[in-house]
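For reference, the structure is listed below as structure tokens.
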């Protein structure tokens, strides 16, 4: 998705999801550990591990974020959401000590976005989660920047593969800026290239001709 | 608009009545171009500048028709025309891109503005925005929505399309000195403070803080 | 059941499947369009375009009366007599072998060495000889290197100055983010310098802003609401 020729809708990042963002749609599929606080008659199909027709009260299961958000109500107990491991206190301590050691791709890859989404569900730990998310981003910023700005013909895959999806997006915009400047410097910007529209048009024409 | 000179002159053929020289006009166009390129939201349309520049170009091109081929001056004039045309179309294009990006919000603002407020859009841009909105809706309906259950067949575009983020940071250069610009704190342990923007100085700050200065022309986005 | 912040008039989980279809449709359709530059971004060639408006002295080898351009008057041109013209015209005339370009006075080894030393010594950005020093160096050296003494040395010096400044720019970017500052004064930075880091920096600030608004629940407008 490097050279997009349209305006992709960016992810919402904070508590707000962007409806037409592909990243946010993928995010909405992330699974959260939840517990049912009431019985769900005839919804057994949602819980793949048990072969029952109903979901009994107190069942522990994993549900995707979109479904959890749909079911969750603050005033009435329907489901309660548990924190995924990375957002619990133990990991928060790790992040606060040195955010750079963590492989956020493996732990995420939507570490920041999912963390922000968790704030929709009431939890006494919410302020701490929010604080850790921000501090982690700031703590890792220098690295994200250096990898995107110094990656002059270097293999950056080792650094990049440990970035969260949000950081990866930033890495890409940094690279676009750097590459743009470098190709200008080399004088490549003055060479005109055919637009992808024209190229696609030609391709279509050829296929049209073929029987 | 602060350019009162355009209020009566824009419809007339004779641009000589304007106090603004053509060079100043081109500078205005370039200002509008950069501001539009870098501001997170759609700015007020500078149709009067666009119209005057168009007139200048047409006038110059008409003159060039009469010049015989191989004239040394004509080629210089043509180069200048091409450069101005580039800025003009880049300006208009970046406005169209923003209209496409924010169309529901642009139209909403147009709907809710009182008669005393000027439109952000030129008549052509307004038509474009309406058409883009209608096309997007009918397209989504044709390929997907009409196959959905009845209660899911409407999408609120105002919610589906993100709004421009006025809290974005922008780079700017000060053209007219400004005093006591309030900088809001970023964190709880910071305090708000005021800065003076000296003429010619450059700054990085939130667009929301200086948005009025962009429209008044006191600062230039860079 | 619940009304979430989604744009569906009646938001039930099933609407999310519909959202995916819509989104994919939207993307597939648009991917055929070509958009060279997005909003809030500027191509280096556009910065160069602005640099081409700077004036430079040329010594023409032809004569021509004054030219009344829309952007101002030029000339008259007389063989051997220096005259100021915009860079775009100077380069064009040079390519047609109609003139010799007089390099700007800062484009000289000794002056640039001083600037380089100064730039390395100071922690802050020192004043540059021209707001378009990088672009002008590239343009003039690529098209008129025969008119510029010690062209190669100049190229290296300017590149050194550039590299030193960009390293400083990265340092200050990092501290702006880590201190969570709200305002920075950037005098002496050139448009091309800002431009290399613009998208990355502004996008990062936006992300940080959103993560920070998480700290004040209820302040973000699109939150998951109670009915």
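Chains here go by letter, A, B and C, matching the order in which they are written, and residues are numbered from 1 within each.
Quick note on the criterion: contacts are C-beta pairs under 8 Å (C-beta built on N, C-alpha and C of every residue); 3 or more make two chains touch, one makes a residue touch a chain.
None of these values were measured; they are calculated from a predicted model.
With A-C and A-B as the two chain pairs, more C-beta contacts join A-C.
On a Cα centroid basis, the chain most remote from subunit C in this structure is A. Each chain gets one centre point, the mean of its Cα atoms, and the points for subunit B and subunit C are 19 Å apart. If you average the Cα atoms of subunit A and of subunit C, the two centres end up 30 Å apart.
The geometric centre of subunit A is 33 Å away from that of subunit B, both derived from CA atoms. Annotation for subunit C: residues 5-7, 12, 22, 26, 35, 38, 180, 198, 206, 212, 215, 222 touch two or more other chains. Among the residues of subunit B, those touching two or more other chains are numbered 97, 101, 159-160. Taken residue by residue, subunit A touches two or more other chains at 7, 12, 19-20, whereas all remaining positions touch fewer. Per the touch definition, subunit A reaches subunit B in the complex via residues 7, 9-10, 12, 18-20.
Those residues of subunit A whose C-beta lies close enough to touch subunit C in the complex are 4-8, 12-17, 19-22, 25, 28, 66-67, 69-75, 112, 116, 119-120, 126-127, 130-131, 133-134, 137-138, 141-142, 144-146, 148-149, 166, 169-170, 173-174, 176-178, 180-181, 184-185, 187, 189-190, 195-197, 200. Contacts from subunit C toward subunit A in the complex involve residues 1-2, 4-7, 11-13, 16, 19-20, 22-24, 26-27, 30-35, 38, 43-45, 48, 138, 142, 170, 173-174, 177-178, 180, 192, 195-200, 203-204, 206-208, 210-215, 217, 220-224, 226. Residues 97, 100-101, 159-162 of subunit B are the ones that touch subunit A when the two sit in their complex. Of all residues in subunit B, only 22-23, 26, 30, 37-38, 40, 56-57, 60, 72-73, 76-77, 79-81, 83-84, 86, 90, 94, 97-98, 101, 139-140, 143-145, 148-149, 151-152, 154-160, 165, 167-171, 183-188, 190, 195, 201-206, 222 touch subunit C in the complex they form.
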